[in-house]
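Chain nomenclature is as follows: A, B, C and D, assigned in order of appearance, with residue numbering initiated at 1 for each chain independently.
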């Protein structure tokens, strides 16, 4: 395809360019409110954390390569396993899928020029970065969280964990939760109100459905974790009683609140991956998604039903049978939306004209791992089996197939898929295919044997094990697999870095995708769309050529200011033109105030905490003194 | 030995998990030694076959897609047919399968693994989790031991689990499912071995530094041997016989040992560490971390942190001869 | 800016309103979790409140809650006035609401201090959840007052769309604080 | 007397949300009833678990059936091309399937829980 002709005169494009061009230099990045820049900031930050989490994983795998290995001691190992979990979940997968992919793509996919609350978007990023640094500061100070990522009490109470390790955990996750909450509100408001005219809910890209479902799940799940962490801090710091039996509390209260958050969390992790899969599959199968409405519904249902299954993490705690069967029934129900999607994806590929380029290969790997992880997931709805195999390596295998296989593979595929859009250059296809196979083999070799050692009785979170239990060979294989996997990931990174500078220029639409992001130049201009498109189908880019539609006929250029149209929630009737705020220094300042307040809270300086709180409130005032309409 | 009703193992084992069922280890959930665990293992094999079929259907469609990679354009689609296919494959069949699984596992299998109600078994054993060892009590007798649970073969034993500190989880894979030991709660699990043997188990809920070294051994014995064992355990500790042993006992009572450990029949009444009344009758030390040999015992007393970093037991500043005496005395506690 | 095809009367709910509604969703979940904790520990306890703690006396909490509910009127009035362009009237109503809310808060602080004496939170899970529940709600009242003061301040310089949307969101927030307060007082007084 | 159906728009949203909310209510309240019945002071609220679970299940099931009916009605009434009927069909189609799933979950959970309700035994 040739470059898209801009249907508006060069003068107006120039004017748009002038209005939307960001401040140059580092300051421009620090004060940016551009969703694309924030998306890239998220991407780089999350990849750093991914690397850290990966190093932690490899260290643990080396320690477990053979029985009675002494590479690290139990204390370090406990910190590694906790930080690995926290990093991968809170500092890598959620922020990369929502923060990086969501931020960059959602406005482009729905035909908007930015997110609904651009400054809050920047605040989300800075808070996220701050929470990550906060948690890793604990590592640097030798006090990283060490009670496992689900941090069960009483192990996490002062009595058994007197250092500040757990305080880093609790405060760090509250901070992280604040960032995710702000991001979730922003995504929903954006998807509800900023869709291009004509993009009714049924014409919305499935990726946006996934992001919408995730955002709602975050909003409804995070408060439980936040509250749990608040309770924990109140008990650790002020001697309140929530979790100790002597004071009338209950250790299971922690587990309830944690898993009310924690199970939806699992779906928060995989849903964006579903979204990425449903973006890549139609493009490379060269046909529309099979059963589009059912897939959209399935994405929402997964997030919704995910709230009703939390107690299946507690099947071994001795709850009444009646509770168990109730939640087992719900856990079985949650399988159905996933099977709907799996077969819809597969049928789309099988009934289309598929081209197995690298992104689709990664989606193929994703389907394989997701199905395997899903099948073991179904096994855990069988209560007696769950009660036998929970907290063993079988579970570790199960959720790594889900989290690495099913969530990270689409992320990797998505990196290749949208790389040309972001950089304007193609990645190296042959190297990409090699990198897929290395990663695929590495993943299988790392996580598949874990099923077997789990069945052989190896429990999770052990820093070492005895020889002679039949575990040794499998553990060695897992470690070799881990390094193979790391090699695959480095190949991908190498490919992307090399292609960034040497890749072939690709034009706006190298894969002939169906959604709106492929209608704009690569990389997209600061204002995204010179003319706000008018949408008539779920695949506007295809229908533009297929049916002779003209996306630009609406004629919304909006070159009078920093503007984007706002539409009605259900059917996207145009309602008003919004003035968007431009760059602002206040988000990063506010994030700094908040994180300093948290640091002081951790250090026990309540008064200084209050000072930073007041400074934060003043910052918020300064932020809102600048009203977009006045510019 | 009674075999389970459903034994498709021979079919699948070689195919899918090479050598899985065969390879050693006495902590193997698929080597059941009880009716309850056999039903769990059967459940696993049934689910494995079901999963293989489900995964097969997915692979079939993937391969179908791969074979169509040469197509130039996609053929016109039939939306009705596609939706019907998705609903059938994605809703209809899974619903039937899941309902069957629900009834099979969560109604029938669960009955055989259910917690015994109090008083429903002839024998009860209290298991109390500690950081990082297991206290084992035989109610109705003065017997208190640690990390090794003797049970008679063929008789149902109600294990009543509690904890003295954090959450632990009691799991002996060859005998039954696991049960968490939670402060403020009393949980139960049934142990009923149908053959004699030594069945290893391990704490399954992360409990801190030495979670990895918190193992337990269930020894199922014929009834007569079990009775003999119990009778021996009921006796107070054997008095020291030699001068060295007497010195050992005196050291035990005057050094820090007695603050944490009990030896029935002496003045040592500590309750923080394991009861050592019949230490020498046990096969291992420190929750199966070390073999119970004089050399290992000696090194354990000198530097517990070496084998089990972070353990609560302090190192004792003893001279060589004092150590000899102490190990000699402890080694005599049969 | 007049774009062709733009309807003359804009707007179902603006994005700012949705932002607040979503924020309230997550806040409501937070309160739901606190209330559930209270009920959960209640159901797990043989006595609630535990031995030695008298149930809270209903008169003052109910009186104060009535005061809280009443402030809904001036807050909504302020929004209506601002929408009609009467910035001065809106500011006056907001200040009236703030005055009543502050006296509500003062009364609550007195009760809070009194309760702290009666049943320190580090003695029982009942008192721990009781004070956490109350404290969380008081913090939300403070936030609501801050929002109202902010808009009172801004509206002195006239009404514009940005402020109007903000005030609209504030009324929504205040309604939520009132509803949470009603559930709170019910739970506070229910165990007898 | 003729009963007037709500508008097609309303039917579509009722169809979409009724069944999931019914299921949620059943899960939350049913769990609360269990907790009350199996706690240290059973009968404190005069709850008989079986009655509770059965009532909840029946109520939730009726609501779910209602949701299904609304979805079907909305689907049949949205025949025109273009918006908003196109969107209504989309959600009604999804809701028709989802309501059945939730009905199934309600019945499954309800039957299992009711049959187990008299005892608070552990498994």
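Note that a contact is a pair of C-beta atoms (placed from the backbone, for glycine too) under 8 Å apart; a residue touches a chain by one contact, two chains touch by 3 or more.
None of these values were measured; they are calculated from a predicted model.
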item: Most central chain, Cα average position; value: A
item: Dominant chain pairing [most C-beta pairs in contact]; value: A-B
item: Most distant chain from chain A by Cα centroid; value: B
item: Separation of chain A from chain B, taking each centre as the mean of its C-alpha atoms, in whole Å; value: 37
item: Distance between chain centroids, defined by C-alpha means - chain C, chain D (Å); value: 31
item: Chain B and chain C: spacing of chain centres that average the CA atoms, whole Å; value: 52
item: Shared interface positions of chain C, touching two or more other chains; value: 40, 44-45
item: Junction residues of chain B, two or more chains touched; value: 87, 91, 95, 99, 102, 106, 110, 113-115, 187-188
item: Shared interface positions of chain D, touching two or more other chains; value: 97, 101, 104, 108, 112, 121-123
item: Interchain contacts (touch definition) - all pairs; value: A-B, A-C, A-D, B-D, C-D
item: Chain C to chain A touching residues, read off their complex; value: 1, 3-7, 10-15, 18-19, 22-23, 25-27, 29-30, 32-34, 37, 40-41, 44-45, 50, 121-126, 128-129, 132, 146, 150, 160-163, 166
item: Partner chain C, residues of chain A touching it in the complex; value: 116-117, 120, 181, 184-186, 188-190, 192-194, 219-220, 222-224, 226-227, 230-231, 234-235, 238-242, 247-250, 253, 256-257, 260, 554-556, 558, 560-561, 563, 565-566, 568-569, 573-578, 617, 621, 624, 627-630
item: In the complex with chain D, residue positions of chain B that touch it; value: 87, 91, 95, 99, 102, 106-107, 110, 113-115, 117, 187-188
item: Contacting residues of chain B [partner chain A, same complex]; value: 17, 20, 23-30, 37, 39-40, 43-44, 47, 51, 54-55, 58-59, 61-62, 64-66, 68-69, 71-75, 77, 82-83, 85-87, 89-91, 94-95, 98-99, 101-102, 104-106, 109-110, 112-115, 131, 165-167, 169, 171, 173, 176-180, 182-185, 187-188, 200-212, 215, 288, 309-310
item: Residue ranges of chain A touching chain B (in the complex, touch as defined); value: 73-75, 78, 147-148, 152, 154-155, 160, 244-245, 250-252, 285-288, 290-291, 294, 316-318, 321, 324-325, 328-329, 332, 335-336, 339-344, 346-347, 349-356, 364, 367-368, 371-372, 375-376, 378-379, 381-385, 387-392, 451-452, 455-466, 468-471
